[in-house]
Each structure stands twice: as C-alpha cells, then as structure tokens.
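There's a structure below that I have some questions on.
Chain nomenclature is as follows: A, B, C, D, E and F, assigned in order of appearance, with residue numbering initiated at 1 for each chain independently.
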Amino acid sequence: MPPKKSIGAEYLKGLWNENPVFRQLLGMCPTLAVTNAVINGIAMGLATAFVLILSSLVVSSIKKLIPSQVRIATYIVIIASFVTIADRFLAAFFPPISKALGPYVPLIVVNCIILGRQEAFSSRNSIGRSLIDALGMSTGFILALLLLSSIRELLGSGSFLGHQLLGSWFKPWTIMILPAGAFITLGVLLGIALLIESKTKARSV
Amino acid sequence: MNLSARMIVVLTAVGLISGSFLSVVGLLTKERIAMNQQLEIQNAISEVLPSTKTSHKVFEDESLTIYESRDENDNPVGFAVYASGTGFQDIITLMYGIDPSFSKIKALTILEQKETPGLGAKITDKTSFLRYWEGRNCEQPLSLRKPAVESPGNLAPSEVNAITGATISSEKVLDIVNLSLERLKEIKQKGQLSSEEKNAT
Amino acid sequence: MQFLIPILTLGLLGLLFSIGLSFAYQKLKVEEDPKVEAISEVLPQANCGGCGYSGCRAFAEAVAKGKAEITGCPVGGEDVSQKIARIMGTEAGKAIKKVARVHCRGNTKAAREKGIYLGITTCHAAHIIGGNKECVYGCLGFGDCVRACPFDAIHMGEEGLPVVDADKCTACGKCVDACPRDIIDLQPVSQNIMVFCRSLDSAAAAKKACKNACISCGICVRACPEAIVLENNLAVIKDYKKIDPEKIPAIEKCPTDAIGRITKEENHEG
Amino acid sequence: MDLLTLFVAAILVNNFVLYYFLGICPFLGVSKKIDAAFSMGMAVTFVMTLTAVASWMINHWILIPFGLDYLQIVSFILVIASLVQLVEMFIRKMSPPLYQALGIYLPLITTNCAIMGLALLAALKNYDFIKTVVFGVGSGLGFTLAIVLMSGIREQLDLADVPEPLKGAGIALIVAGIMALAFSGFSGMIK
Amino acid sequence: MKENTFILKSSPHFRDKDSVSKIMYAVIISLIPAVAASIYFFRLKAALIYITCVASCLITEAVFLKVRKKDMHSLWDGSAIITGLLLAMTLPPSLSLDLVIIGSVMAIALGKQVFGGLGYNVFNPALVGRAFLQIAFPVAMTTWIPPSTLQVNTATFATPLGNLKFLASITEGSLTPLKDLFWGNVGGCLGETSAIALLAGALFLLFRKVIDWRIPVGIISALAVFTGIFWITSPDKYTHPLFHVLAGGLLIGAFFMATDMVTSPITPLGAWIYALGIGSLIGLIRLFGGFPEGVMFSILFMNTFVPLINRYTRPRILGERRRRA
Amino acid sequence: MRKKTFPRGTHPPEYKHYTEGQRLEKLEPPEKVFIPLNQHFGKPADPLVSKGEEVLLGQKIGDSDELFSATVHSSVSGKVLFVKEHPHPLGSPALTVIIANDGKDTPHPDMKGTKDPFSLKPEDIRSKVRDAGIVGMGGAAFPTAVKLSPPKGKAIDTVIINGCECEPLLTSDYRLMLEYTKDIINGAELVRKAAEAKRIIIGIEDNKRDVFELFKQKMNGFPGETALLKTKYPQGAEKNLIYALLKREVPRGGLPFDVGVVVQNVGTAKAVWDAVSSGTPLYERAVTLSGPGLKENKNLLIRIGTPFKHAVEYCGGLKEGANMLVMGGPMMGLAQWNLDTPVIKGTSGLIVWEEEAFPEEFPCISCGRCVSHCPMGLVPTRLMNYSRHGYYQEAEKWGVLDCVECGCCQYICPAKIPLVHWIRVGKNAITSMKRKKKS
C-alpha cells in the first residue's frame, strides 16, 4: 500500500488526479446521458453522491464482517438500497427531474464509480478515510457533470440552467443536446484533460 | 463459523436489513408518487377540457385510456383521451379533449416526447402547433396542412398545421390522434364506454 | 404484512444468491499464483476493462502469465506499471538492481558514415540494409531502444547515442530486445567500468570506422589480466568482481576510450 | 409497432450504445480488438436475453402482484448478478473453449448498465413477454454491432497518427459521436 | 572517385510518377464543371460559399498542422481543398456563412485532424462536416431556394426528393421533370443540381484511373435495383429508378464522395460490398426513412464498416488454398 | 500467339535500349580479385587456401560440408594475399579471399571436359554442377545442385528456363540468349536430365521477340517449347512464371518442386553446360553496366571477384553527380556504398544514376493500388503498417513472409511509402523471432 495521504490530498485527488470521469473513465453512461441540461447534470451528480457517500460509509463500517466471496454481492445490495431511496425520493418530491433522468437514476446501481470505490477503497480503509474519499469522488463527478452539461446546454440551447444567456444572434447547435454531441464533447474534453495533464507533468519534471 | 455458512448468513442478513429499510421507504413514498402521477393526469385533463370539475376513467387498455369529465354541475364536458404511438425518435404520449358527441377536438397536449429539440420537439409548442388543434372538426379523419399557414382561420375545418422542418413529427401526432379517434368511435359503438366503475379519480 | 413481504423477498433473494455463490466457491476453487494476488493488490480495481481484459483480476492473471504488458492498465498509469514491474521483476533477480547499459561510443563525431542514408529511420530498418555507419557492430543511432522503453528511461543524447536514466530504468529489458545490434545489456548499477564497443573488426578496419572503437591493443588486458581478455579483436570483461579498483586508472589508459568508467552523462546524472 | 420493427429499431435506431448511452464502459474498454469485442457482444446479447426473461418474470409474477415495484432495482440487480454468476459457472464446467471465448467477459457484464438498463427500460415501456424478449435480443445485437464496428475502427486507428491526448478513449468517443450521426439516418424509419 | 557519398536505401529504386497531390488536384479539376454549374444557377451566393468553405478548411488544416508541428507543405496536398469544395457542394445555397464556417471547421477538425490528418480518417470529412451541420441546424439545412433560372413564387420551395417524400401518390406532372434534373434546373444543394456537369468530371476521373469504377457502378446499380423493385410492384406509390439516380446527391456521392480512397475499402471485393451497401441503404432511407435523402448517412454508415470489410476481404495469396465458402 | 501472363503486377519503363545492342565483351581481370566465400543462399564456404598460397584459374578455394552451400573457385591465377573480411555487396563485410593476379590465367588441371555430356547419369551431372560451384544466376543464388535434387516423392516434370529478364535496364540475359543460344539450350537439356524431367519450357517476354524466334528455331530436336510471355514485371519471379506458363500455384511457403517444376535462369543453364562440357567452374558471369550515371553503357563478361571500380573504369567512369549505385536491377537491386565491393555470382548488373530530390512521403491514402499490383496477392499497406508498429504476428498472419520483395507495391504507391523496406523489417523480425524460439 502506498503511504497514507493527508486528508486534504485524499479529498483533492478525486477532483483531478483520480477524477472518475476524466481520469478513470468511470460512470460514462450517466455522464453522457443526462448532461443535456445543467439541472439534470446536477441532480444526477447529487443523487450519485448520495449513494456513493452512504454506501461507502456502510461498506467501510461492516467491511470486516463480509467474507470476500460475497463481497460484491453484498455491496450490490447495499448500493441498490440507497439507489432505491434516491430514486423514490426524486420521484416523490421532484417529479419533473425524475422524469427527465428516466432510468438513469436506477442505473446508478451499476455505475462503475460506486462499485469501484467500494472495492478499491472503502473495503480497505477506515470509515473516516472512506468518507473523505467518497466526498472527493462525488465532488469530482459532480464537477465533471457540471462542466459537460454547461457546455452542452450553452451551445445546444444557448442557456444555462434554463436562463437564456446567449442572445438571439446565437443559433443553437441542436447536435449538442443529442447523443452525437454528447460523445464528441466528452471526447474532446478528455483530450483536453490529458493535454493539461501531460503539460503539467512536463513542467513538474 | 464455516465460510459458506458465514457467506450465507451475511448476505441473507444484508438482504433482510435492506429489505426492511426499503419497505419503509417504499411505503413512505408510495402515496406521494401515486399522487404525482394522478396530478399529472388531472392537470392534463383540465388542460384539454378546461371546465372539468371531476373526471373518471371509463376505458383502459394498452394504448388507450379514456376519461369522462364533468363540470361543476355534473354535466358531461367531454372525454379526455390519453394515447401514445411512435414519433420520429421514440414514443409520443399525448392527451386531447373531445366533446361528448365526438365532433370537435377541444384541445391537445403532449405529455411525453423525445423528438429532436428545436425541431420535432416543437409539437409541444403552444403557439405554433397545439393552438391549431383547438376546435378542429373530427368527424372525418384529420389531415395535415403543408406548407403551414399563418393563422388557424386559414385552415379547413379538419386540417391542422404542420411544423416546418418537422413534418414527420407532425404526421406522427396526427396519426396517433386519428387512430385513437377511430378506436374511440368503435368502442362507443360497442357500448364499452358506459363505465361500471364510477370511482371518481 | 405490508412490511413482511418485501423483507422476506429480499432476504430470500439474498439467501438464494449466497447459497449459489458458496456453492460456486467450493466447486470451482482455483489455485492461484501468488503474483496474481500481488498484482491485483496494486491495481486500481476499477474493473473498467480499459486494459482489454475482463476486469482487474483477469488482467493481473494475464500479466503474471506474461501475456499482458505490464503497462496495460490505463487507469493506474505509470505509478501502477512501475509497481507491477517491481513485482514481476523480483522474481528474476532479487537483490541487485540492474540497469540497461549501451556498449557503444560510436557517436556522430567518432563513427564514420557510410553514405547518405535515405531509408527508413529506425535502427532495425537501417540494420537490415547494412546500416548507415561503416562500423557494422555499433549503434545506428535511430533510437529504437528509446521508443521501446515503456518507462521513458532512455533518451537520445546530443551526440547520437542513447543515454539511460538509471533511476527510471526498471531493467525490463525491452530496449535490449529492441536493439538490432545487440549493444545494450542489463548490468548491475554498481558496475561502473565496462567495454563500450562490440566491434570485431581488425584493428585497422575498426580504427578507420570509428575513433572510439576497441583496437585490441591490449593495454587494458595488461593492466588487469585477471578480469579482462581479448576475444575476436575485442576486449571483454570476463569477471567484473575481479577488477581491483586500484587498477582502474591503468585500464582507463585505453587510447580510444573503448573501455573505462561510465561517464556522468552516460549515467544521466549531468 | 410489430415485433420486426421493434427488433430493427433496437439494433439501428434506438441503439443501446449510441442512443441510450448504456454499456459505455465495455464499449470503450473491450473494443480494442475485434475478436474480444465480438465475444463481449455475444456475451452481452446472451445475458440480455436471459435478463429480459428473468426480469419480466420477477416483475410480473412477484413485484407487480405484491405491489413491490420499489424493489425493482434491488431485485433486478440481484437477479442479474446471480444469473451471470450461474451462467459463468455453467459455461466453465460445460465448455472450456466457450468459456475462453465468452465466459471471461461475464464478470464485466455484472456491472454493465446495459443489462440493468434493459430490465428497467422493458419494465418502463410495459412490454409484454414476447416484446421484452425481442427487445432484449435486438438490443444485445445492437450493442454487438456497435462494439464490433468500433473495434474495427480502433484496430485501424491503432495504426494511425492520432494526436497523443486523444489516443484511447478520447478518439473512441469522437468516433462514437460520428457513428451516432451516421446511425441517426435511420430515425423516422419506425412506422 | 568520391567516397561515402552514395545513397543508401532499400529497393525498389524506381517510382511511378503519380503522387498523392497529383491525384488530389485531378479531383479538384474534375469538380470544376459542377462548381461552375452551381455558380451559374445560384450566382454570387454560391461563389461566396465556395470561397468561405475552402478558405476555412485550409485555415483549420493549417492551424492543426502548426499545433502538431507537422510539415506545412502538406497544407497544399490538395485534400483540404477537396474537402472544402465537396462540403460546399453539399450545402443548401441559402445557408448563412457563419454556419458554413462552422461546418468547414468541423469537417477538418472532427472529420480529419483528430484522427491524425490525411490518410487516417475513418469517416469522409466533408460528410462529417455536413452531418454536423444537418444535425446541429436542421432547419437551416433543409431550407431551399430555387435556382435563379427557375421562376417560382412560393415562399417555401422543395427539392425534387423532398417533393417526392411528401407526395401522397405519384401522378403525371407531380414529379420534377428528368430533363431539369439532368441539366440542373432544380433546387437542392449547390453541387448536386446538375447531373451533366458531375458526369463530365466523373468521366475524367474514371479515365485517369483516379477512382475505383466498382464503387459508382455498385452504388448506382444497387439503388436502381432497390427502387426498381418497388417501382415495378406499385408505380403509383414509387417512382422509377432513373429519377432516383439523377435526383439529389446520388451522383456526387457515388462518384466523388464514396470514392474517397481513405474512407473506402482497399480490396476489390471490399469495394463491391461497400458500394452495394451504400446503394441499398440510400434506397431504404429514401423510400422508408425519415429523411428525403440518404446519401450522406449511407456513406457515413458504410464508412464505419470499412475497417471490417478490409479485414475480411483479404485477397487470396498466390498459392494459398482456396478457402471453402 | 496468345501471350501468357499472371494476374496483377506492373510495367515500369524499361530503358533496355541503353545496352540492348551492346555485345558481351570480356573484361580483362584486375590486378587483385576479392572473392567472397559467401555468394550464395546457405552457409558460407570455408576457405581451402591461406595467405601466401599460389592458386590457379578455376581452382577450388572454398567448400563446405553443408548441403545448402556452394563451392568457390579462383577466377585468376596468382597468389593469395589475405583471407579476411572485406566489403560485400550484400551489406555486411564477409570473409573474402584476396588474390593477386599474375596475369597468366594458368588453368587448373582439374578443368577437364566430358566427351558426351548428354550420356551422363543424373547424379554425375549434379555432382559436376556442385563441383563447379554453380548457383542460381537469376538473383537468389540458390545452389543449383540442391535444386536439381528434389526430395523423394517430389517428381519433377517440367524444367522452366527463365529468360524473362523483367527488370528494367538489365540486358545481360538477353545478350547471353542471343550470343550463346545453343549453350543455353544444351544446358537446359542437361538440367532436364539431371532433374529427370519430361520437358523444357523456355519463357521469354515479348519485348525480346528476336530471341524468342531464335530459340524457337534452335529448340528443334529438344523435348520442349519456347513460350512468349507478356512484358510485365515481375514475369520472371518464379512463382508467377510458373503460374503464367502452367497455371500451377506453388503453395504458400513451398518451392517450385512442390508442383513438379524447376526454374533456372538462362545464365545458370549456360553455366551448367560450361561446367559439364568443358569442366569450367563458375568464375565468370555476364553483367550489364548501365544507367545515366555511367559514361558508357556495356554488357561485360566479368570475372567473379572483380571490384566494381574496375568495371566502372572500363566504362569510362562515373559521371559527375552520380550518387545511386545499384547492384542488380532498379526494382530489386541493392544499393552499394562503395566501388570496392566485388562482382559476385549473383551480380546481374550494376546500375548507376543520379537520384534527384527524394520524393515527399505521404501517409497511406488507402488507394489500394499496392493491393491491385502485388503479384503475390498481398495487402502491402497493411503489412507495412503492422511492421511499422511492431505487430509482427499480425504481419505474419497477413502473409508478410510470402512477399517476394518485387517492389511493385512501392513502385506504384502514390504516397511514396517505402513499403518494401518496412516489409523487410517485418520479415526480418519474424524470422529472427522464429530462430530465437527454436534455440
């Protein structure tokens, strides 16, 4: 095991070094699917964060009890329970958002970020650290969704969070709200992320 | 404890615990969610039949649901038809109100659609598309007017306006309405509209 | 009742699932290479499939079996690759850290060009049409080794010879395999004196082809006959351990610098 | 919508990867080699078909009758996970060559949202049993088509001079975007 | 005798005279008749679109070459000019120039340079640019104006295929006359209007052996057969194949775009498969799809198959046992 | 008459007119000859002489116990100066016997003729061929004796005499066919006898119709025929030639005897006749010196071991600016880096010209021309790409080892990619990988 990081570093790594979307390529499906509007992106991010944080807590607190052979199965049940809670909550109190996100909220259950974090981190670390890690990862995920959805909403509808930002001179790029635009924007963003990474690395050497 | 026993116990226990949690959550939210759905239908009904006071389901099958609606005085206002079909991309779900004699469409509203934003999605646009549906004569199947005209007055009684650049979506909406109208008339002839279950919804 | 059904349903599902799993576990237990476990441990466990294998575990197995590249995990990046390299490496030669060493000092100033080379600019390609320099044993200078190194540990120096960064080198041996002229090998880091030539040409030919070639004059052999011999017109260090440090200055008298201490630049310390 | 259109639509128009964004992880992860991609596609198709059957039964025989629709997520995922596990065991026992070709991809499928997405979408769309199965097979084949095409392209791009930062997932996503453009030519074809 | 000044390289030491840039310029020359025809039909606006397109393609290409530190010389290899010309030829004449620029940038950036530039792209760059515009600005991309030679006074104007798509039934005179299609006296994208101008250029390319004859032949015959079958069974609902061949972007697509070497198969058998695929898909989309025209989508769709086609249509090596079919 | 040919291939400009009309002249041997012990496919010969020894013309100076090897003879009489490494036309220096010519050409007593060569038994012909150090003179330098002893169960029915000379510029085979017609036919008959074949086919391209008519006349009385072939490169490559003449396909990785054929170059046939009829070993061969870089273009009969410099000087030397020196034809020949390298048994020509600016290389544009010109049915661009990226196993799967390095693909490639060089890298990597695996 690598030397323990400081709490701050543990949190910050999720933002960039181990950003789930840009660096680890995890949770791509929701990232692509729900980012056609900022509000959806944020809602999705929050829902995922909720599940991630709570399941990390639970997993790290009962990690000693779980035999490794049923590890995954147990995690899945735990995660699924929290997802159900999130899904029901949205459906009950924010029906429009729930509708817009469609099946992607239930799909948090198979989001690789969550299971991956349980496997890689919570099952091996203390409750506190797992919490920090989950917080970091969630923040990273939310930021990624926010970035992607802002670009898509701005170019696709000329608005941000539903407020028309660009004037009438702007002709909205419908493609940005459609699947093709999602793929292409994320592809380009990934390229930019790697470019920044290699530049900063080159400087630090 | 032997390993497999432990596996079984742990997983079962986790299942039990989460089951109990979820049952609580489920019960707590069940009503609210059901209510949300009801509310949506009711809003739609009052949108297509504005003078509705009460309404109840009189017919339901896979692709069609029909509500009868009455005003304050319990006079029939008409029927609200909830129908769906494929659009340009995916399913379009809509509701329209029709007078009791099945001669005029009162109004149309789109409940769900995934058409192209800025294009097919204009079928939800009140000013450019839905407005032209109000008061259409539907004794005959409706037809599409293309290219579009400026005001509803220029349309023939059973014509509706197409959306420029999204003829297909417009056509699909038309198809859904025409098909359901046909079925509506059929159902009425068979006398299935007089509903037994009068539980107001 | 309202509460019981869901609880029971889930409990039952859990029960069924765990019975199935424990059954599977017992029936299908497989003995494993301890390396797999060790590699698995350092992998990020994202199970993303980015490596082209079905999850981290499968990748670890493939690496342990030598089927997958140690650098195959895109999520882990260089950090993880280094760790895997260590795990895989500890098997081979435990204690002594080895590094790659280039046995040629035929740099652009020393070695004579044969003609105007217009072929493909890789060492391998140049080698199969006879090379670009008169010396057919020495470095071709097109850096196949540089491109082969997964750890960015080898670079083309200013004088057209590759330079190994001993700190970064993990002794993976990729560059050794890449060099068509076989002039790189792995040596203990501590060994700092070596022969920097592989030319078997006679003295005259060697001298004509490269200023830094071994001309088999025998000065080094006379200085330290216990360890150094002449074979096929080339000085060879037979047993490094027998070199008495005190004799090194005498060995360094080599008129062409074909044998001697590794310089700071060559060790990438400058 | 008859079954044939449902089937074709699931492959071309409402492709799981290119339209619903499901199963992106294996789509990006296992699309570097054609052979692997094809095996993955087949494994997904297989599991999808099974899932379609199993989830329909659970949904219509247990969850809906007892009013337990809120247990959908948990029970679907459990069923999928155990199904995959079972299939894996079964294949490993019965046919080692098939296991090599297909089975090793199964664990990856458990956490693949395409499978779960299938179960949820079929439930959401209220398909009857036959439709659910057709939808499952079609979606699986649609996934296979997309991933095999992608792998062919990526094998070719492996030999191309793609800008360094775009190599790997970046270019794969852009290709997916253009593929989505190309596939959108089929929209409107469902009558 | 001088020493060490001889050239060292591998055989063969002879090379054919044809080169990539000569091929590219041959294509540019072959496009001249069609470009001229469109400028005749759509006047200044057409010329403006051509200039904007080619210029923005070249600029985008130059920026990428610069950033990637590549040889600026290859800016003039002709391929970016072709991309610009062909993109312009597939745009509606009414398109505003800012959209033209967006399309050109996307064509070169997304369609070509992200893959590594000339030779590496998977999709036809001009069509990537067009597809991007079509999806991003669907209304602008389906708004047509009549050619200056045609007197019409309706506010909206339809292309021959658009007209066909929404025709309830085919009757005498409801179709655009073939003669107009042939000479180009119809609405539509800049370059697709005049069949004769396109054919002249295409003949030049075939004669110079720049393009593989199998591709246009395959596409045209597949489309003719596909539409022919439906026409024979119900001529009141479907129109005859010749109309389909002359209308829309078929000719420009079959001769100039599907033949793009980079994005088409390299084996002869592969070329047949690719061409037949494109032809039938065009028929399918035109007759049953949501769009009046399917050339662009069909070519892009078949582009995605090219790597697989190349892989599975390897020619038989001399002495290799014939594989059982 | 219908001209026979094979599918695909190409037709580069021929430039044969430079030397077509030049009679074969005997070149006086130089003062020093440099005779490499490695002039053939297989193991190099071991030296039989050492420094200071006197040798005679035609004396055996190298031999080996290996089957895949060939003997080497002195091409002059004189004294051995050195046995050491010397530049070799194939690239790396090789062990070479350097002999000072005494100018007398004293023949070795072993060079004795046979009265009635046609009555010899096949084994005898073969052993004479082996003793004479004959190797294929069409380029590959495969030991001819080995070729004439096919393994058991592989009966030979046809001997093909390869008179295509499809490489541009070269005319040495053409001149041999014109001037030594009878010798070649006799040699072919000996080859047929040695291989116990039924018939001979002499394949000649239709740009050499005069030779074709000549052979047609003189072949009278021999079991065989003369066939006219289309002028197309590489008509002379044996697998394609066999296909063109007999429509038989040599299996992948196989040899002509797998389809009952032996292919021999016209020069080889002449050498066989000389060896058997007059006991002359292979110490001289016909070489075309041609190209715009030479002051004069000639066809010469040159002693093996003569440095190129000597022959070039006989042709008046190099022109100013000549920078491309190729042994063999322009399609398959090897670039030479100095003129000290000697003529060897496989040297069919020396071509010299001034290479102007090197063409700009483009990325492959998938035009498919290489595919539609490769006579072997390969996909050169893919082989190139796989080799370039080190995917050698894939390259092997796609048949890189079947490539005969004819160069059609690279000749035709509009992107000017060094396809053949890359393919050779791939072939080399694969064979060395295989060698490693074996050991």
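Rule of thumb we're sticking to: contacts are C-beta pairs under 8 Å (C-beta built on N, C-alpha and C of every residue); 3 or more make two chains touch, one makes a residue touch a chain.
Computed from a prediction, not measured in an experiment: that's the story for all the values here.
Student: Please identify each chain that touches chain C as well as chain F.
Tutor: Neighbours common to chain C and chain F are D, E.
Student: So which one's got more C-beta contacts, A-E or A-B?
Tutor: Ranking A-E and A-B by C-beta contacts puts A-B first.
Student: Using C-alpha centres only, name the chain that sits farthest from chain C.
Tutor: Measuring from the centre of chain C, the most distant chain centre belongs to B.
Student: Roughly how many whole angstrom separate the Cα centroids of chain B and chain E?
Tutor: Result: the chain centres lie 44 Å from each other.
Student: Distance-wise, how many Å sit between the C-alpha centres of chain B and chain C, to the nearest whole number?
Tutor: Chain centres of chain B and chain C, defined by C-alpha means, are spaced 68 Å apart.
Student: Just give me the whole-number Å value for how far the CA centre of chain C lies from that of chain E.
Tutor: Each chain's C-alpha centroid was found; their separation is 49 Å.
Student: Counting only Cα atoms for the centres, state how far chain A is from chain C in Å.
Tutor: 39
Student: By the touch rule stated above, which residues of chain A touch at least two different other chains?
Tutor: Where chain A meets two or more other chains at a single residue, that happens at 25-26, 69-70, 73, 77, 80-81, 84, 88, 112, 115, 174-175, 178, 180-181, 184, 191.
Student: Using the touch definition from the top, which residues of chain B touch two or more other chains?
Tutor: Residues 3, 7, 10-11, 14-15, 18-19, 22, 25-26, 29, 88, 116, 118-119, 168.
Student: In chain D, which residues are in touch with two or more of the other chains?
Tutor: As it turns out, chain D has residues touching two or more other chains at 25, 28-29, 68, 70-71, 74, 78, 81-82, 111, 161, 163, 166, 169, 171, 174, 177-178, 181, 184, 187-188, 191.
Student: Drawing the touching chains as a network, do you get a line, a ring, a star, a complete graph or other?
Tutor: other
Student: Which chains touch, pair by pair?
Tutor: Touching chain pairs, listed by label, are A-B, A-C, A-D, A-E, B-C, B-D, B-E, C-D, C-E, C-F, D-E, D-F, E-F.
Student: Please output the residues of chain C touching chain D within their complex, sorted ascending.
Tutor: Those residues of chain C that touch chain D are 5-6, 9-10, 13-14, 16-17, 20-21, 24, 27-28, 47-55, 57-58, 74.
Student: For a test of understanding, state which residues of chain A touch chain E in their complex under the given definition.
Tutor: Listed in rising order, the residues are 171, 173-176, 178, 180-181, 184, 191.
Student: Give every residue of chain D touching chain F within the complex, in rising order.
Tutor: Those in contact with chain F are residues 158-159, 161.
Student: Can you tell me which positions in chain B touch chain E when the two form their complex?
Tutor: That would be residues 88, 116, 118-119, 146-147, 164-165, 167-168 of chain B.
Student: Could you please specify the touching residues of chain E with respect to chain C in the complex?
Tutor: 4-10
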